[in-house]
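Two complexes come next, and they have one chain in common, chain A, joined by chain B in the first and chain C in the second.
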Partner chain A sequence: MPIEAHEARLNITWAGQNGDLPDPISYDAADGDVLQWASEAIRGGDVPGIDADPNVDLQDFVVDRFAAKDDQPNKILVRPKTPFGGRA
Partner chain B sequence: MLESAVVLVRGENGAQVPLFWHLPEGRTVASLPDSRDLWSVLWEHRKNLVGVAHSHPGGGVPGPSYTDVTTFAAVEAGLGVRLNWWITSATHLIVARWVGPDRLSYEGTLIEEEPLWANLLRDFSEQMKKEREIHNAD
Partner chain C sequence: MKKVTVVGVGALGSHVVQLLRNDATLKVIDHDRVEQKNTLSQFHARNSVGKSKVQALQQAVNFLWGIKIEAVPHKLVADNAKQVLGGADLILDCLDNGDARRVIQGFVRDQGVPCLHGALAADGQLGRVVWDEDFSIDDTTAGAATCEDGEHLPFIGMTASNMARAAQEFLKSGKKIGFQVYPKGASLKI
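On to the complex of A and B.
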């Protein structure tokens, strides 16, 4: 499916697997909505490359956005967060 | 001191081999920011990954912060594997591992015989502070 200028391909990483949602999403969608859509898609087995998981929990995952560049459309990645914080 | 981290992979004979020293812009004495680059390294090397070590300021037996354990849980969920999460202080090294039953139930174990990379991690944490002090003094 072609991706329009206001849309993005959603790429998700979960349980050692990675895949793109077949349908594009809005590039400006709120992070919370993106995480909700990603959760529902994994739960329903709608992401090629990622096994359906009824227990998916994307708490503490983040949303990375990459604007269209050259021939590549907008892309949104859902991945685990990676900050660390010690005692001050 | 500036907090630092290192990604460790499985080497020959099961040795822990430092793969990637994580010294990002924006780190402070007590924090490392979220990093796409770190995640990319973890994902790319997920099949040989042993864990991640990071430094905490001060001495004494360190323990994981809330930020730490939520990152541990998220990364393990993303990779689909459990990892070792070492933390150094100036004087001690622990390794935290998930023990369950809850998502954030991690328990630290003191490491008596430290691997070589532990002092290298401390050196990186201190060295960068010294370099910044020298730079600021110029």
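On to the complex of A and C.
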């Protein structure tokens, strides 16, 4: 499905798995709405690449937005926090 | 060769340094010392335990490949940022705390220096390699733990490889590519 200028591809990372929601969402959607849609999609097994999970919890997840550039459409990424890099 | 400064030479940075050794003149900054547990997930050997991480890495890189790197065994703070980060063509943020990341972000945005950030989620669920213009800093979540037993070493290596690849591409062509890295082996170009 083509993505309009006001829309975005929603990419989700959960439990080490990753996938795109088949349908685009509004690029200006509120973070809370994005997390809610992502949760519902994972719960229902609607994200190709991510196993359905009735216990999905995205409460502490981050919503990142990347404006369209080159041939890439707007993207919204839902992901866990990544505070680490150095210390082990 | 261009000058690349790597800030933080723990889990990510120690591997990035050895992967970028052929592509740039390297400077490494870290105030930490090598602990026994670090040898499970970082490019630091048992005979380096107790040594400064940057000096241990400097010695290792020189011993293994005859390559000289500059070592700065100091903590990066706002007061010394210009002194230790100045002169770099590219800065690689491989840190583990939001405060120090903010010092880097403030410096690179003020000075217009290209900066690539590397970041890992707790439990090895996600690695991120993101250019500063798209990078948001995540502070540590209470109770979250990173790799202390070496379990995530291959995943840390994958993320470090993607970071080195993005840096290499920038040094070669000026093109900025970023990645999200997943433990099952796939990387998403962003």
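Brief remarks on what is shown
Everything that follows uses one rule, which is that the second predicted complex is superposed on the first by the 81 of 88 C-alpha atoms of A that agree within 3 Å, B and C clash if a C-alpha of one lies under 4 Å from a C-alpha of the other, contacts with A are read in each partner's own complex, and residues count from 1 in each chain.
Keep in mind that, in the parts below, a residue touches a chain if its C-beta (ideal position, glycine included) is under 8 Å from a C-beta of that chain, and two chains touch if they have at least 3 such contacts.
All figures in this text were calculated on a predicted structure; none of them were measured in a lab.
By the touch criterion stated above, A:57 is placed in contact with chain B alone, chain C being left untouched.
By the touch criterion stated above, A:11 is placed in contact with chain C alone, chain B being left untouched. In the superposition on chain A, A:82 contacts both chain B and chain C.
For the contact definition in use here, the residues of chain A common to its chain B contact set and its chain C contact set are 13, 15-18, 60, 62, 64, 79-88.
Across the interface of their complex, chain C is touched by residues 11, 13, 15-18, 60, 62, 64, 66, 75, 77, 79-88 of chain A. Residues of chain C that touch chain A in their complex: 8-13, 30, 32, 37-38, 40-42, 93-98, 117-122, 124-128, 134, 136, 138-141, 144, 146-148, 180, 182-184, 186, 188, 190.
Here chain A touches chain B in the complex through residues 13-18, 57, 59-62, 64, 79-88, going by the rule given at the top.
Of all residues in chain B, those touching chain A in their complex are 3, 5, 29-36, 38-39, 42-43, 46, 54-58, 62, 65-68, 70-71, 73-75, 77-81, 87, 103.
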